Structure formats: structure tokens, C-alpha cells
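Reviewing the structure listed below.
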Amino acid sequence: MNQNEIESRDEKETGRVEAFSDGVFAIAITLLILDLHVPRDLPATTTLGNALLTQWPSYLAFITSFALIGIMWINHHKLFTLIKRSDHLLLVFNLLLLLGATAVPFITSLLAEYIGHNGQRVAAMIYMGNFFAIAVFFNLLWRYAARGRRLLGRDVTEAEVRSINRSYALGPPVYLLCLMTAYFSVPIGLGMTIALVIFYALPLGANAR
Amino acid sequence: MNQNEIESRDEKETGRVEAFSDGVFAIAITLLILDLHVPRDLPATTTLGNALLTQWPSYLAFITSFALIGIMWINHHKLFTLIKRSDHLLLVFNLLLLLGATAVPFITSLLAEYIGHNGQRVAAMIYMGNFFAIAVFFNLLWRYAARGRRLLGRDVTEAEVRSINRSYALGPPVYLLCLMTAYFSVPIGLGMTIALVIFYALPLGANAR
Amino acid sequence: MNQNEIESRDEKETGRVEAFSDGVFAIAITLLILDLHVPRDLPATTTLGNALLTQWPSYLAFITSFALIGIMWINHHKLFTLIKRSDHLLLVFNLLLLLGATAVPFITSLLAEYIGHNGQRVAAMIYMGNFFAIAVFFNLLWRYAARGRRLLGRDVTEAEVRSINRSYALGPPVYLLCLMTAYFSVPIGLGMTIALVIFYALPLGANAR
Amino acid sequence: MNQNEIESRDEKETGRVEAFSDGVFAIAITLLILDLHVPRDLPATTTLGNALLTQWPSYLAFITSFALIGIMWINHHKLFTLIKRSDHLLLVFNLLLLLGATAVPFITSLLAEYIGHNGQRVAAMIYMGNFFAIAVFFNLLWRYAARGRRLLGRDVTEAEVRSINRSYALGPPVYLLCLMTAYFSVPIGLGMTIALVIFYALPLGANAR
């Protein structure tokens, strides 16, 4: 095989890692809807509109988790425009990342159920702990791939590598801060997480990430 | 990289946006089936056939939502034969669109549960409001990509752009009309939506869209 | 664009139809498992082994439906090695086919619940009626694509077209026969369907299809 | 068609087998989360933290099954870098493999429900029996594809074939050993399975597989 054929074979290989990951992200983001429940057997004193409004924690948790998985997917997508080869450990780190994504429907349901009740602190810390873990796994995956340019494409510049190093280094401490804030105040911790999501969705945040 | 290599890299990029979106559309359309429930513990006076027939709102809502997501997918597919590059904001607008698709199983279940009962007006307006929002997001996505031909392929003609501009401009007012009609009469609003679906499925409607 | 570029653009187009269809088939086949329920709260007089054995209709229905969707996928896969372009009506016929696939988890659950009880005839006829409808939609899709070689690749031979015409023509009457047999005897109708699945899975059946 | 065109057509064909399989693996691995249940209606004497801790069998089963499907996917991915053509029987063997993957959410739920209670032996043996069956199907698929190099790519070396033959031959007896051990002691059988997962995830195990 010449150099071009080898590159093409490698790209096919990471192509399938991306396809499997896309599948897991797509399913995890869509399963979130299963936690929204149609109100049934309304008492005569309640309208459907009111019954839906009292479910606001479920909607808030749904939207926040949707946005967080969406941002994860955008990040994963951008990483794999730079990563062009795969090996066994990359697949294992990628599976750890997907494990975090898979857990989101459960932790979202937990948060929606307990917010505003006893146990909300535990629920919020598990919720944020999962996103903290995901941020750590993203760093593991990227640093493993980028060390000595092990699995990067030939056309990736040093400036690109440094820029991702820098912005990824921010992820774990920021999510850890949300996690610790939630220990003292669940609403402030959640508010910080939502502000973070909005920041990342804006074009400005895209560069900071 | 020469021009061809750049184009090929870009196509790979939108390729993954399409793959992720296909996944979300495919899952949302398939999850609709989870809202059809097998009748259990039938009283001795009812046959299975009759029990199934009384579930007609669920079947009607299932078929309508299936067709609406199917048409969304066809639209998305056609757009991305013209859009050849992606950037951060395109991904964000695409996520908004997918958020609308993800919500469909929930709003379908809501509609099927309340049609013909108290609360049907709220349920129908939420149902149509979601498709109105999707039509708005489609316009956002397309106009962002097409402004100054920002993300379009080189071979897209001005006539193609104008034709899509024109037909997309129709989407939001048409769904808004259904929404407002449902406020006054749920059956007429739903009938209009179903007529719209049939119109879009016909070859004639394909050109109008 | 020269001829090769046009062909490549077309293949990309059917490529996305296949990706979306693969997603729907994959999800429908995997959702079947949600109808197997873990026995809970066993009475002291029953072992887990016995409790599982009494669920045999669920397992039988699961395996049969898994095989039927699997064969659908193989058929779809083979068709799209011949179909190389897509247009609006092809997408609509393909959506009808996917509607049939999407319904399988529900009709499987219905069959498993009612087999051996009152209502089993209705459940079996709905089950087989769905596969009859799928066979009809397969013929619609194929004949639309093949008429005048409308959407076929250049390298498809007339002999290939005639061979598929012949074997597809068999599908609807065979499933209709199963359906009508189930009206008189559910066990015989089901037995015929299972025999059909085994026949199709064997290499011999591959040529007959 | 010249030799290159034939190869490219074949690769497209196995490409779709991989896409469908990726979909099934991705859905099966993500559906595992549906078996984790948010504790509801806690008695006043229990905290949420405690209620979650008593669910440890569900978490353990979730992680183990996630890792086992993840390893299946890695294996499947590696096989299809060598398999370059497909035929009817390959598709059937692949469907058998996917049947095994699809069953995982059910058998995981069964194991999590019964571990530590009456019936745990039956649950554990069904769990391991499924992975034993998967190991057998992997051997069927590989040996069918590799016999006389029937479906392998031209660039696959004899050494690669022999190395996979050797490591795949180990799969069925190892899982059979876990299965038989579970008959005598469920904890030891499960512990062996978990040790196996960890071994496979390490780079060393990657070569042994």
C-alpha cells in the first residue's frame, strides 16, 4: 500500500468509531424524552395546562441535558476532524466517554424527580459529577491521541493542538466548581451549569472551548 | 491541501452532521411506537378488536407524527445536498431542529391521551406549536447557511436558493394558521395538519415545499 | 460536472436514504427486547426457571420478529445495491416500508400477549397483515425504481431486474396465504410464517427471494 | 468494471453491514440505562443516597454489560477491517451475533433483579450463556469468512488470519468456564467475568483477543 492508501484505510477506521459514537449520542439524546410523562387522571380541579406547568423541573432538566449532550457531540465531532487513526486504547477511552453519555437519561430523571425535595443535593451532585467525569474522559482521550501526535492527521498544526490543550484543561475544574457549588446551594450550582451551556452554544464560547 | 482535498474534508464534516441527525430522526420516529399500548385485562364483554378500535386516537396520532417526522427528514436530506460546509452556529441551529424532532414522541402521546377530552385544546396547540417551532428553526438553519452563500456548495444555483427561500417562507405561517385554528376548533386544526401532510407527500407538494 | 461526478453525487444521496433506513431497522429490531419482561414477585411455589418457561410466547414472538426484520433489512440492502438514484416518490415509498418496520415491536407485543387466549386470531391476523403490507410496499418501491430503469445503476442487468421482479411477486401472495390460514388456525398460520423465515435464512431461500 | 471498481463496490457493501451493526450495538448499549430506576416514594427513614446504594446490583450489571457490548463492538470493528466482501450467509451469521447483542438489556435486567436472591443461579447462567453463544457466533462468522479466504481483503496476511483463529478459539471455552463456575458459585462466576472484561480492556488483552 502506498501512503495514500494507508491514510484512506485509517480514515475508514476512525469513520466507524465516529458512526458508533454518533449512534450512542443520538440515542442518549433522544431517550431523554422518555422521562417526560403525560399527566393522566387529572383531578377535576386541575387543567392540563396547570398540570404541565407543575412539571417544569422535568422540562428544565430535559433541555439542559439535551444541550449538554449536544455540546459533547460537537466537541467529539471537532476532535475527530483532527484524530485520524485509532488503536485499542483510543477505543477504550472513547467507550468511557460514551458510558458518560449513556448515563445522562438516568441522572436527568434523578435530578428532575428530586429537585426541590429532600435528596436534591445528592441528585444534583451526581448529575454534575457525571459531567465532571465526562470532561476528564475527554482530556484522557485527547491527550492520549495528541501525545507525540500519536493519532493525529498530518495536517494538524501545533497551534491547533495547543489551543485544544488549553481549552480542554478548563473543562474539569469548571465542572468541579459547579459540583462543589451544588453542595452548598443546588439552585446556584444548576444556574452555573445552565449559564455554561448558553456560553458554549454562543459563537464566542465556541472559541473558548 | 488543494481545492479538491478541502472540498472532500468539508463533505466529510457535513457527512457526520447528517449521520448524527439521521440517528436522531430515526430514533424519534421509531420511539413513536412505544406510545401504542397492548390492551390488557379485557373485560369479558369486550373483544380485542373492539378494544383496539377504541384506541383510534393513538393510531391517528402515530401515523400523523410518523409522516411529519418523515417529511422533516426528507427536507433535511434535501437541504444537506446543498449545504456543503458546517460551522459552530450551523451545528447549534441543527441541534435546535433536532430538539423539535426529539419532542415529537412526547407531544404525540399528549395529543393521543387528551383528544376528545378536557384539555384537548392545550394538547393540540402544544402539538402544533412544536411543528411551528420546527418550521422556524428550518428557516433559521437555511437562511444562516445561504446568506452570502456562506455554507453552500459551489454548484448550487441562485435559482435553487430562491426556490427554497420561497417555499420555506411558507412553512411558519402555514403551521401558525393550523395552531390558531386549533384554538377555535381542535378537529378542524388537526384536519388541516393532516391535509398538509398528504399534500407534502404527493409529488406536487414536493415542488411546493 | 462530468458523468463520474454526477454518479458520485447520486450515490451519496442514496447513501443517506440507506443510513436513515438502517437506523430505523436497527432501532425497531432492538426495541423488540423491551417486550421481554423480567418476572417479579414470584410466588414461593415457582422457580425463576419455571416463570421464564411460561413466557415462551414472548420468546417465540421475539425471535420470529427479529428474523423477519433481519430479512427485511437484507432485502433492503440488496435492493439498494441496484438503486442508485432517489427522488421524492422513492423517499415516500421507503417511508411506507419503514412505517411497517416501526410497527413490528407493537404487533409482536400484541401477538405475545394474546397467543393461546381469546383474541389470538385478531392478534395473529394483525401481525401477518403487517408483513403482508410490508411485502406490498417492497413491490411498490422496487417497481417504481425499476420501471424504465428509472432509478437503477447503469451496471444492473436485465436478468437481475427480471429475477427480482419474479421473486418479489411471490411475497404478497405468500404472506396473504399465511394471513388467511391464521383466520382458520392460528398455530398453522404461525407455523407457516416461521417455516418461511427459516427458508429465507437458508442459502437456497436467498436465491428464491 | 475493473478490479478497483469491484473492490470499491464490495467495500460499500460491507460498509452497510457495519452501519446496521453499529446501530444495533449502539442501541443495545444505550438501552441498558433504562434498567436503572430512579428511587421514588422514599420512606422518611431513608435518604436518597442510601436508596441508591442499595441498587448496587443494577449498577454493577449495567457497567459489566456496557463493557461486554463495548468489547463486542471493538471485536466486530476489527473483524470488518479484514472482511471486505459479504454474501447471504455472512449476513445471517451477523444477524445471529446481533441477536445476542440485542438480548443483553433483558439478561442484564434479569441478573440485576435476582442477584442475591432465589433464582440467582438461573439468572447468572442465562447471562453467561448468552455471552457464550455470542462467542460461538463470532467464531462461526469469522471461520465462514476466512475459510479459503472466502470474504477477506487481498491485503490480509496469513499471520493475521492465524492470530485471529487462535485468539477466537479461546472465547467459547473461557465463557463456558464462567458459565459452569456460576453453576457452583454465582459470585465467583461473576467475578471471573468481570476480571475477563478488565483483562480485555487493557492493551495486553487486546493482543490476546
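Chains: A, B, C and D, in written order; residue numbering restarts at 1 for each.
Just so we're on the same page, a contact is a pair of C-beta atoms (placed from the backbone, for glycine too) under 8 Å apart; a residue touches a chain by one contact, two chains touch by 3 or more.
The model shown is predicted, which means the values in this text are computed figures rather than measured ones.
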Chain of greatest Cα-centre distance to chain D: B
Self-contact between copies chain C and chain D, residue sets same or different by half: different
Rotation angle superposing chain A onto its copy chain D by C-alpha atoms, nearest 5 degrees: 90
Gap in Å, rounded to a whole number, between the CA centres of chain C and chain B: 25
For chain A paired with chain C, centre-to-centre distance based on mean C-alpha positions, whole Å: 35
Contacts with 2+ other chains: residues of chain C: 19, 23, 26-27, 31, 34
Interfacial residue positions of chain C with respect to chain B in the complex: 1, 9, 12-13, 16-17, 19-20, 23-24, 26-28, 31, 34, 88-89, 91-92, 95, 98-99, 102-103, 105-106, 109-110, 113-114, 118-119, 122-123, 126
Chain D-touching residues of chain C, taken from the complex the two chains share: 18-19, 22-23, 25-27, 29-34, 36, 38, 40, 42, 47-49, 52, 63, 66-67, 70, 73-74, 77, 80-81, 155, 201, 203, 206
